[in-house]
């Protein structure tokens, strides 16, 4: 079943808020998200950040201890401009790295959906115009955490949240642990493009048309967000410092290999240690994000 | 000029040791390296680790404040077997991640140079045989540091050293800051293959035939190792935690963009922040390694 | 005015929950707290952890941007036993530090209020009985955070929370930034004693009789919890890793010296850099805690 | 036996340099050290930093695997002035913490040995004069590391080095693992005073008259520097980030309790977890230093 949902309220923290829609296992949702600062399709302020979320969506029959699969069927900018910060964030550079003439404000990109590109003339620079091919993604999305928490959309955790990983693009399947009845899925913070690490502190922030499909895996328990695309399975660790995000992501991948792919412990260590690849999600938010990837072609029975 | 050098002594720390050969700007060196544990081409112990180095090579006219370019002309295993550890290192996993039946010892891979593959039957696992395509690299190489230091080949720093980055393959140009007269280049620690992060604590450790070419950039001062391949320029930050390695690599790339590519500060931040990609070198050694990459195609006048 | 409040509900996250009591500026509250696992004065389970909070207390006239002063008038165990974990937490030790025969469960201490001591015969050890003098403290307390967050009592932040600092004892004044109307003060997680760093993962966890007095500092904005005792003023940084907690605490102290004590920037740096002392709060929770202290005797006009 | 040694050469890295004196087990050495920048008793530049070391002293019969005890019999400034930096180092503060008018240079303190105080009029500040009581200590000292390493006196490790811990004062016994024949003890970098963390990047840097006594513990193997004073035994972890320094120090203390004090594993965990105290050594150098302390009064048979 396909639900069309037009949001009128938003949340700057992911928690057990009043659901806006109940959906069933296997249903799809077609909706919109506003940008990180709360500006919508017509470029007007609709709500306050950080990263206001559409939802939450209540998934029927979802219980703590289940896994919620969210397929990102389509993520597409729904307006012709997006915003980025202009200077690399201070935490990304050596303490004392010289800064002379940087503008801390937002710059505006022109988004051309026909050519699927985004272009800017960098403010205050002689560099000339710059163009990137669109690679639309969701920066912040996830499910309600447990014990009554409501976690700021500035940060991330086991429930997902503001992971700002540029691999969360159309076609990807994402898996979240379910902590509360109904899972309570939130989505938002679309980026038309984002470099590794989101080191400017933003992607190209834009409102989006989004279609997702939810699917329940009853009784399947996971600890951290997982995902897969055509070529890889991957796990997502969210923490500061990066060292801890590495540990979360790598440990979760070992769990996955041993539980779902029936690989014995020695095989799982050897296979992962040999073939692992890592992506840097974000290195800006309160919790950083590292992604542990394994090519599907090296999986047994893949 | 091409020098053929057969090593008889090795160093487990990179420092101002007696040079084994003097070479000129533009010269090539054809030599061999033993594996990380000091085993050479015939599979016998020749010296002690960690990561015994061939050299040092004295580069005529190299002075502190110069940059030494090292082109990796050829890196090729010179025997039919290599070693890896079998279990993911403890620092890579959550404290308390369960470990039941892991073998801390070394496993032996069969290396087939004809097919350019390496194969193993994972010890103690039901997984069956596993094959990887060779991607030979140098794990540990660099130049003598300043102030009389002699830095263990277990770790890395501004002088290079045990970076264990799987991007240091044939064809890559590497740049080191020169700290002492003659630069005193050391090379060693060949890996026939290595996953991201070297999370087993090893690549496939093997002795190598190596050809390199050195070139001096007089009066050009850099702070951290840099490199380039066909598609990218990159900088290398070595430190623990990963957060600090990130800072070193990203700061060095900004320096590079502003000094060599004549990009103004605003342009450098914007370009790098938008287009940066990161690779994880090692997440095992005392100093971790992060690599900050920028595609050559986005460089002005590239 | 003095309020006597007997709690019947508790919260495992600090947020904008329904206030249980409204109090005025200058009022005192006499109440009780249950222990970290939700066991109360009679040693029975009353609620669920982590660190269930009494409150929240609504402080009349408190507005975002104010500072709430909480004087810890009295913290006193109200039962004759408390619990600790028995093994040093894994994150505190080198990865791979040997562990042979450790009991992960809880051990029970006998608390003798007459002699103000706590005694245990360490389970499974030949060491014999061990006695400590009581030093009762609050492990977790704070005010509701902003943007609709409800933050788990397992962790801490700018709002306070699970700081587990053994300096929060009777007589101390604590200052919190106010983020929401009424401040919404929560208190809980009493420890009869706690070592530096809470490296067992617990203090001696016990229910408490608590008396506090609240006082508003209108229009005074602070960023992190602060405190003072007879000898020191101090600031509290909560983050992981410790390096970031250090940065938060030290930066906040510089702000304090410059704003309240009218010390110029050069003087503030010099005074703090020369005379600073640091205490380790906790090195166990998701956010670690470092405390930056300055002796009152070195303050100008002190 | 007491040796009087007047140094003429110094080392900016701790390694297997030519010994300047051979001493026996139990011997004392009376000597001098220059300050961190190489200025000696008469305030003239004698050598180059960082932290030039007097020595190395060869201890007869010391072998790898032994422990070298160094008693700090006397540490006393031998001139009437010392230097400090004036601004808190950038790594100690939040990225972006405002800095307006700080002087990165050195300020000069007047040292009065008669009153055992040091006084300064803070440059550029209205704060007025400031006085501290002397608490002379050694910032950088240690033994030659293994595998041919020569480690910069800017940093520290298992061999000791630039720990900058203000607990290394007169009367303290320090223990180092011996890595090479003769141990090769180096000493230097005296501070007339130092705040916790050395967050200015310096103590009050001064040349010193030093008397030490060395004693060998044959066949006693330790992993990290240890020490004791009247009230505490302590262990020293040197690493970045602080989290890792914590792990090294705490693990080493557990080893100590189990091996020397014959406490069983459960008792060691319980005793240390309950009674531990931590001091912050330095939070400025490439490797940070944390000190894990246990009061002697809680030790069995103490």
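Note that the chains are named A, B, C and D in the order they appear, and that numbering of residues resets to 1 at the start of each chain.
The definition used in the following text is that a contact is a pair of C-beta atoms (placed from the backbone, for glycine too) under 8 Å apart; a residue touches a chain by one contact, two chains touch by 3 or more.
Just so it is clear, the model here is predicted, and its values are computed rather than measured.
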{"item": "Chain of greatest Cα-centre distance to subunit A", "value": "D"}
{"item": "Of B-C and A-C, pair with higher C-beta contact tally", "value": "A-C"}
{"item": "Geometric centre distance via CA averages, subunit C-subunit B, whole Å", "value": "47"}
{"item": "Length of the line joining the C-alpha centres of subunit A and subunit C, rounded to whole Å", "value": "34"}
{"item": "Junction residues of subunit B, two or more chains touched", "value": "91, 95, 241, 243"}
{"item": "Of all residues in subunit C, those that touch subunit B in their complex", "value": "89-91, 95-96, 241"}
{"item": "Interface residues, subunit B side, partner subunit A - complex", "value": "84-88, 91-95, 97, 99-103, 107, 122-128, 130, 132, 193, 195-197, 199-200, 241-243, 246-248, 250-251, 254, 263-267, 269-278, 280, 283, 288, 298, 300"}
{"item": "Complex interface listing, subunit A residues touching subunit C", "value": "11-13, 15, 50, 145, 147-153, 239-241, 243-244"}
